[in-house]
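Chain nomenclature is as follows: A, B, C and D, assigned in order of appearance, with residue numbering initiated at 1 for each chain independently.
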Amino acid sequence: MSEKINNRDDRSALLPRAVGRVVDSLTLVSIGALTFFGLWASPADVVQGDAQRIMYLHVPAAWAAYVAFGITTLASLLWLWPRTRSAVWDRVAGASAEIGLIFTGLTLLLGSLWGRPVWGVWWAWDARLVSTAVLFFLYLGYLAIRAVPAEPIVRARRSAITAVIVFIDVPIVHFSVNWWRTLHQKATVFNPELNPEIHGVMALTLWIGVVAFTLLYVSLLNRRYQLAYLEEGLEETALDSAILQRSGGVK
Amino acid sequence: MNAFSEIKLIAGKDLRIEMRSRILLSQVLPFGAIVVLLFAFALDPDRGILARVAPGLFWITVLLAALLAIGRAFSIEQQHGARDGLRLAGLDGSSVFIGKAIAIAVQLAILEAVLGLTVVVLYGVEVHGVVVLVATAAAATMGLAAAGTLYGVLAAGLRARETLLPLLLLPVLAPVMLGATRAFEDGLEGVPGDAWPWVALLTVFALLYTGVGMLAFGPLWEDT
Amino acid sequence: MPNLLQLREAVCLLGRFPALAGLDLDLDAGGITLLSGPNGAGKTTLLRLLAGLVPLHSGTGTVLGFDLNTDRVSHRRRLALVGHDTFCYDDLTVRENLVFSAKASGHKAAMGESAMERLGLSHVAGVLHSRLSAGQRRRLALAAAFGRDPELLLLDEPHAGLDAEGREILDEILRETDATGRTVIIASHELERTRALSNREFSIRGGRAYLVEQA
Amino acid sequence: MTDAGFVIASWVITGLVLGGYALRIALRTAVARGEKTLFKPAAPKAENGVDR
């Protein structure tokens, strides 16, 4: 098998305290800016009208979800690679996947809310929506595997491998779903594609959204990581006392 | 012992157990047949929908039955600690993976043949493009068996394995389901040219999961 | 004599329960070692740890020269474990199970056959595992282990469920195994019987091992 | 519902989902921190791990 990793003597927080604070404040500021630009400053779309403003949340949420799952995969690979193996990567992978799942769920909800006024339906069999939905279930499965209690090293290895085999499926799902919709859907009734030429204030707003959600992701990741560390500590403390109790207090 | 004889040993053992217990014949096949029948109740055979949607219904049925076959492949290892015995034997993880995947693939192939015949008869499907259909089924079966074996061992030994396996496996197999259905439709509609890209996709899926399975099965087999 | 195994501060978990709680154990090769102690003391987990079936949570351990923290797989072909389960398949016959087990461990089918004869199972060679009596299953489990010709034999309550004749056969095989310089570790409640066989004893209590001075 | 209604709803839902999640993390963190100092050492958990 593989060499033991030290679960306790490593970082209790992902970001230094001061950096974490700065990220948190920047997150709040950028979300404020996004709300201002998204709801007031940017003009309504010529075709879609006001409904198009949902894009300023929907697209950044999808972006953040992809970043989160990407980080999960990266962290899992770093765990699997013996020279970089550390409990840090296991926590990052788990925390990031959980946040990614929240963002994916949000993306689907917002897509549905956007679809209703624009397309007239809550759900359309659009390639992006479908593959995002599959993605949601893929990572739901990953988190279900993570939730199964086990020896820390066993759980970490199992999770890391699962993350990799789940990730392999992502491009296949995307490819097959895109192919399916382009081959079998005649002229597009719905045009889910964003107008590729977005100018001026609208582009700026979208960028602010992407920055805000990325910062929010980092901030949540930092907090979720800390929580994972603390909960591991509690487990460890409970275990130490259980060991002491079992061996009759002999040490 | 070389890898080839290890694979033969494992696959032979699993298939022999299946021949004795006849779970496939006595439980999985009837299950598939009743699902095929229920689809006809749900979709009303008189409206002529059944023949058109037959490929999709067929592959959904295969997928559901495959879940049972995969679950069974790992439940035989749980009884009497057989899995511990196998681990103690010191077999190579990738050999166990390939061996079990082959046994599952053989069972799925039988399942597909019988269910396919049932669907053709009951839904009134006219068969065209046999070559494409067989190629599709072969590639899809390999993919189902490889991914199924990999996720089967992931769920085996866990408390909630019966409920966890479908949750894990169905999203992963979504592209297989999609590709195999489209390829069957194209084949039956007499445009096999459209089907080959899907067959290629199914083959890529099968190869990818076979490769990853050979690497990942060993550690998972040890840990759970 | 070379050092066979060494455990330091070994902790093993069953779920979240520390079945082994900081166990230290040193053993040289050869001889028959008895593990005594009450139910739930950790004997079974200790044997499974030595067989590499459960990981170490913390502490260190080596068995047959392999570090359990880095490689708990490579030494397995050199040992055999008889546990509470038979490690056999219900839908295979006695012969099929033994031949499979021997072949899987890299031995010839004949090894399985001769183990079957040795344990007096020849008359049920074609009977499915699911139809065996409890006593026959115990013999089958022993045959599967002996059919692998192990350097280190780990036995968990081997006498339990065996009839008088089976016990005699078992003790005879253990003496022979001992005479060839192999190592046997037995966890048992049948202290009188096993003490007569063994040349050292450890008492396992609360997930730890204590050497028992021989009388 | 008007387009503007959908826009407002989307902002509210985003706020609820993300805010709720952040709050959950914060609460669990507080619990984890509190237990550590209040009941030290924490009571051993019941044995309910994986089955083998």
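The definition used in the following text is that a residue touches a chain if its C-beta (ideal position, glycine included) is under 8 Å from a C-beta of that chain, and two chains touch if they have at least 3 such contacts.
Keep in mind that this is a model prediction, so the values were computed, not measured.
*Asks:* By the contact definition above, name the pair with the higher C-beta contact count: B-C or A-C.
*Replies:* B-C
*Asks:* Which chain is most central here if centres come from C-alpha coordinates alone?
*Replies:* Of all chains shown, the one whose C-alpha centre lies nearest the global C-alpha mean is B.
*Asks:* Chain B to chain C: how many Å between their CA centres?
*Replies:* Taking the mean C-alpha position of each chain, the two centres sit 37 Å apart.
*Asks:* Centroid from C-alpha atoms only, then distance chain A to chain C, rounded to Å. What do you get?
*Replies:* It comes to 47 Å between the two C-alpha centres.
*Asks:* With chain centres defined as C-alpha means, what is the inter-centre distance between chain B and chain D in Å?
*Replies:* 39
*Asks:* On a C-alpha centroid basis, what's the spacing between chain A and chain D, in Å?
*Replies:* Here chain A and chain D have centroids separated by 16 Å.
*Asks:* For chain D, give me the residues that contact two or more of the other chains.
*Replies:* Within chain D, the residues that touch at least two other chains are 44-45, 48-50, 52.
*Asks:* Of all the residues in chain A, which ones touch at least 2 other chains?
*Replies:* As it turns out, chain A has residues touching two or more other chains at 1, 148-150, 154, 235, 238-239, 242.
*Asks:* Mind pulling the chain C residues that touch 2 or more other chains?
*Replies:* 13, 15-17, 55, 72-73
*Asks:* Please give the residue numbers of chain A that touch chain D in the complex, ascending.
*Replies:* It comes out as residues 35, 38-39, 49-51, 53-54, 57-58, 61, 99, 102, 105-106, 109-110, 113-114, 116-117, 148-150, 216, 220, 223-224, 226-227, 230-231, 233-235, 237-242, 245.
*Asks:* Would you mind writing out the residues of chain A in touch with chain C in their complex?
*Replies:* Going by the criterion above, the answer is residues 1-4, 149, 151-154, 235, 238-239, 242-244, 246-248, 250-251.
*Asks:* Give every residue of chain B touching chain A within the complex, in rising order.
*Replies:* Per the touch definition, chain B meets chain A at residues 150-151, 154, 158-160, 164, 167-168, 170-172, 174-175, 178-179, 182, 194, 197, 201, 204-205, 208-209, 212, 216, 219-220, 222-224.
*Asks:* What part of chain A is in contact with chain B in the complex they form?
*Replies:* Residues of chain A touching chain B: 1, 134, 137-138, 140-141, 144-145, 148, 150, 154, 157-158, 161-162, 164-166, 168-169, 172-173, 175-177, 179-180, 183-184.
*Asks:* State the interface residues of chain C toward chain B in the complex, per the touch definition above.
*Replies:* Against chain B, chain C makes touches at 51-53, 55, 72-74, 76-77, 79-81, 83-92, 96, 100-101, 103-106, 128-129, 144.
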